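Here come two complexes built around chain A, the first alongside chain B, the second alongside chain C.
Our next item is the complex of A and B:
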């Protein structure tokens, strides 16, 4: 039914959106976009405002459905699946807004995801404690999530997503609201997610320097179409990307 | 003085019962944002089960009452399932409809007269301690109420399903996204609320041994008021609200002169209006609670 491996050639497990189109009342929000994410890599998804980044992520995570095209998770067609079914199948997402369970403690927040994805209670607790350590949240373990500072709450969002033992993680603007000093922490966090948890990360952010620093590959959208894919170096010198950003005065002009 | 202590003891007993009913309503509200007006009919069904099993031994009657209450609660869950995406108004009207439907089914089957349940009536006998007469059922209500409240608190706080219920109550959509099985959590809440309804029915059946179609309805109305007064948003505040209403009912009926007791409900609901005017989020919730949920 589905063929595995396209330009990468092998049957490597991947999250793959193929030929995605999405029309909203005559407007082409996405037009034949294909994106592939492998485990153990960080792919950046960038583009000016209105490029279709959020629509694509919504379609990949089940918050929206494509007018045409398909989404596959490790060879299984998941196009019509609900978000929580995708969650249990190994696809996690973090949100721009924190969405933490305000009254639960920080540790409990992480345990919920672990339990829901089949961990035993004891394993859920040890997984939560491990993630608290990795993300430097141990001191807040027993604090209700409502009392966490914004930066820490963002980390909790990542920890909670990782608690579900995802194989693929879609991060929606993790740097939004962080100050310059907090960005290096985020960079090392994303790297550890990729290297130590062997998770494929799709990173959407307006902070182009973050994207350039941490991504293995970058996928650039403009007006619903893919205008470039490649390594950060290739994207940096790509004329189309420069035009898309500078021409419309979008974010990230400093890297044009 | 002894009169006052007498009233206090009776108030705690009725308060415990209303607290259990309030908790039953609050558990379902927490995971589904549904105020189940038909909860009273679950209590009524348990009472009728006790009536119909008069000839069986007490243990079996208790088991059957719990089984019927849980079964009816699960049927309600199934009926309300399509409402998960409905507006609060639609939910409320539907539970009203189910409530009145079941009351009328009871009228058809059993009539409006009421029949004597005959359940553990020996517990109505009293013992005396320091000049205060305490009926055994008062003591049993307090102990059973306290035990069930503690058991549910433990369950919510210490078990994995309890944690998932609290997460779902805090942010249902996010809980689902993390993979929490919504239906499982909701079914579990309905089962617990069914068990609590049976417990309330049994405690009440001893004291008010007449099974009528509105047996549970008149428990749920004050319990609901308690839930709203306490604060619907949190189980603890809702439960305390239920307790306070039960307690206040007894205290007011004992304090009011006997010819004024017909005004008991007016006084009670008058107090409720004042409370909600002053603290619209409920007595035991901080003002920010509503915003926090959003």
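Our next item is the complex of A and C:
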């Protein structure tokens, strides 16, 4: 694991899941998983289907609770917090399927997060307009979200999450359903979230080339256990990962 | 943009004013039917504030209506009559004597307080569970009122209650709840609640405390339902617990669904059209003259026709007459769809 900023003499603000276990009726969905995410970095969370990736994200964002272990946000134990409290505290997420507020306009979708986090209506609107511009959604501002094309709706999911001014963003399979041509857009979006919004991003995806390209570190789960962590280069040559996840074809391909 | 938004309020208000005006030109039982339509619409708009914005069904709102009706009735029935026919009432209720307007305020306050108390446990529920729990509330409320003669008329009729719900009060009452409903819809709280209606998980992760927003809307909606109960008591002149029970629960929900759940315009249109049709058919069963023709329908026609029309609307327009959308600005160059959120 990367050390947590020892040069500054204390731990950097981070999102930490420590010793997480989650059992469903005898099935060990997660077994002693520890993961740390700092601001201004992108960490990939990969693993085969059923490895426990979404369960871990659900536990970190309050939609599920661990059987053992704890979640800390910048030094505060948030293990028992509700999802909305975590949302207000700076922890945002997107979902596998598009989760937008279908009958609200695109602009209103983004305003919700800002309003819920205490912004005044006028500030929420200017925040939304700013994000509409950043994500290239301005032309759709007054369209009900239900009428957005799939690719745009995924962008809206990110914009909605950024509306809360998060410090950490957990993205659950943002590339699912995108065609190859749309992936570079997603890459630059994730980079701008990290660099310009100074957000720590935890990225779950099956698209290995996306993960390898954009992540600073990668965390690999298999059957609820951590089997490897490291830089993309380290993960690429890790035999366990190759066997468990990438298959005999080796790294660089996409698995899905 | 501002004109378009204002139209979402002005449109329903103009429609209500027109109904009130036309009704005031009628007389006899038709005139009473028009006033009833306005009061029923008040209940439906109250219901919309919670159901339309939260997407959670409530079978319990008539509890707040009956509380408002009995409170307004007990507070305005002459003391000497109460002493004679409702002598079991708590002494402070026997002595309570309020003016018409004060009784309406009391009805609204009690409706809101009751809704808040009931909402504290129930607003944690969603979907079918919330529906069943709110249904339990109306059953419990009805049984308490029907059997506890210290707080109301129990199984008897309460009255005579001063019949002050004329066209002016009925119209003002309805316009008032429409204005409050519209004002609420423009708030950040309502926006958060509608987001939760569309997608609870995304709303929560955006920081929306769904429980708190639902409880707030339920309380406001309960206060408005209480007010409409007061108007109803002063319309009928006498109230029994059976008049304000399941029939009213289902017909008001049906009006909301037929109009289109999710928009204020849908609530107003659904209520006025179905209540209006209901009133007309009730008159036609007793013979009514329309444009020189005498219409005399056999007894029972009213419910059959109403049932068929409601079923037909839902078959052919499942999202209701308005599609759950607000009234769109009629002078736009292109037919833009106003979002119903």
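The rule is short, and it goes like this: the second predicted complex is superposed on the first by the 235 of 256 C-alpha atoms of A that agree within 3 Å, B and C clash if a C-alpha of one lies under 4 Å from a C-alpha of the other, contacts with A are read in each partner's own complex, and residues count from 1 in each chain.
By our rule, a residue touches a chain if its C-beta (ideal position, glycine included) is under 8 Å from a C-beta of that chain, and two chains touch if they have at least 3 such contacts.
Remember, it's a predicted structure, so these values are computed and weren't measured experimentally.
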{"item": "Combined model on chain A where chain B meets chain C, clash or fit", "value": "clash"}
{"item": "Which of chain B and chain C A:102 touches, first, second, both or neither", "value": "both"}
{"item": "First, second, both or neither for A:176, with chain B first and chain C second", "value": "neither"}
{"item": "Touched partner set for A:227, first chain B, second chain C, both or neither", "value": "neither"}
{"item": "Greater residue coverage of chain A in the superposed arrangement, chain B or chain C", "value": "C"}
{"item": "Touched partner set for A:187, first chain B, second chain C, both or neither", "value": "neither"}
{"item": "Partner chain(s) touched by A:144 [first = chain B, second = chain C, both, neither]", "value": "second"}
{"item": "Footprint overlap on chain A, where chain B in one structure and chain C in the other make contact", "value": "83-84, 87-88, 92-93, 99-104, 108-109, 111-113, 115-117, 121, 124, 160-161, 163-164"}
{"item": "Touching residues (chain side chain A, partner chain C) in the complex", "value": "61-63, 82-88, 92-93, 95, 99-105, 108-109, 111-113, 115-117, 121, 124, 144, 157, 160-161, 163-164"}
{"item": "For the chain C and chain A complex, residues of the former touching the latter", "value": "188, 191-192, 194-195, 198-199, 201-210, 262, 324, 337, 339-341"}
{"item": "Chain B residues touching chain A - in the complex, by the definition given at the top", "value": "159-160, 163-164, 166-167, 170-171, 174-182, 292"}
{"item": "Chain B partner contacts - residues on chain A that touch it in the complex", "value": "83-84, 87-88, 92-93, 99-104, 108-109, 111-113, 115-117, 121, 124, 146, 160-161, 163-164"}
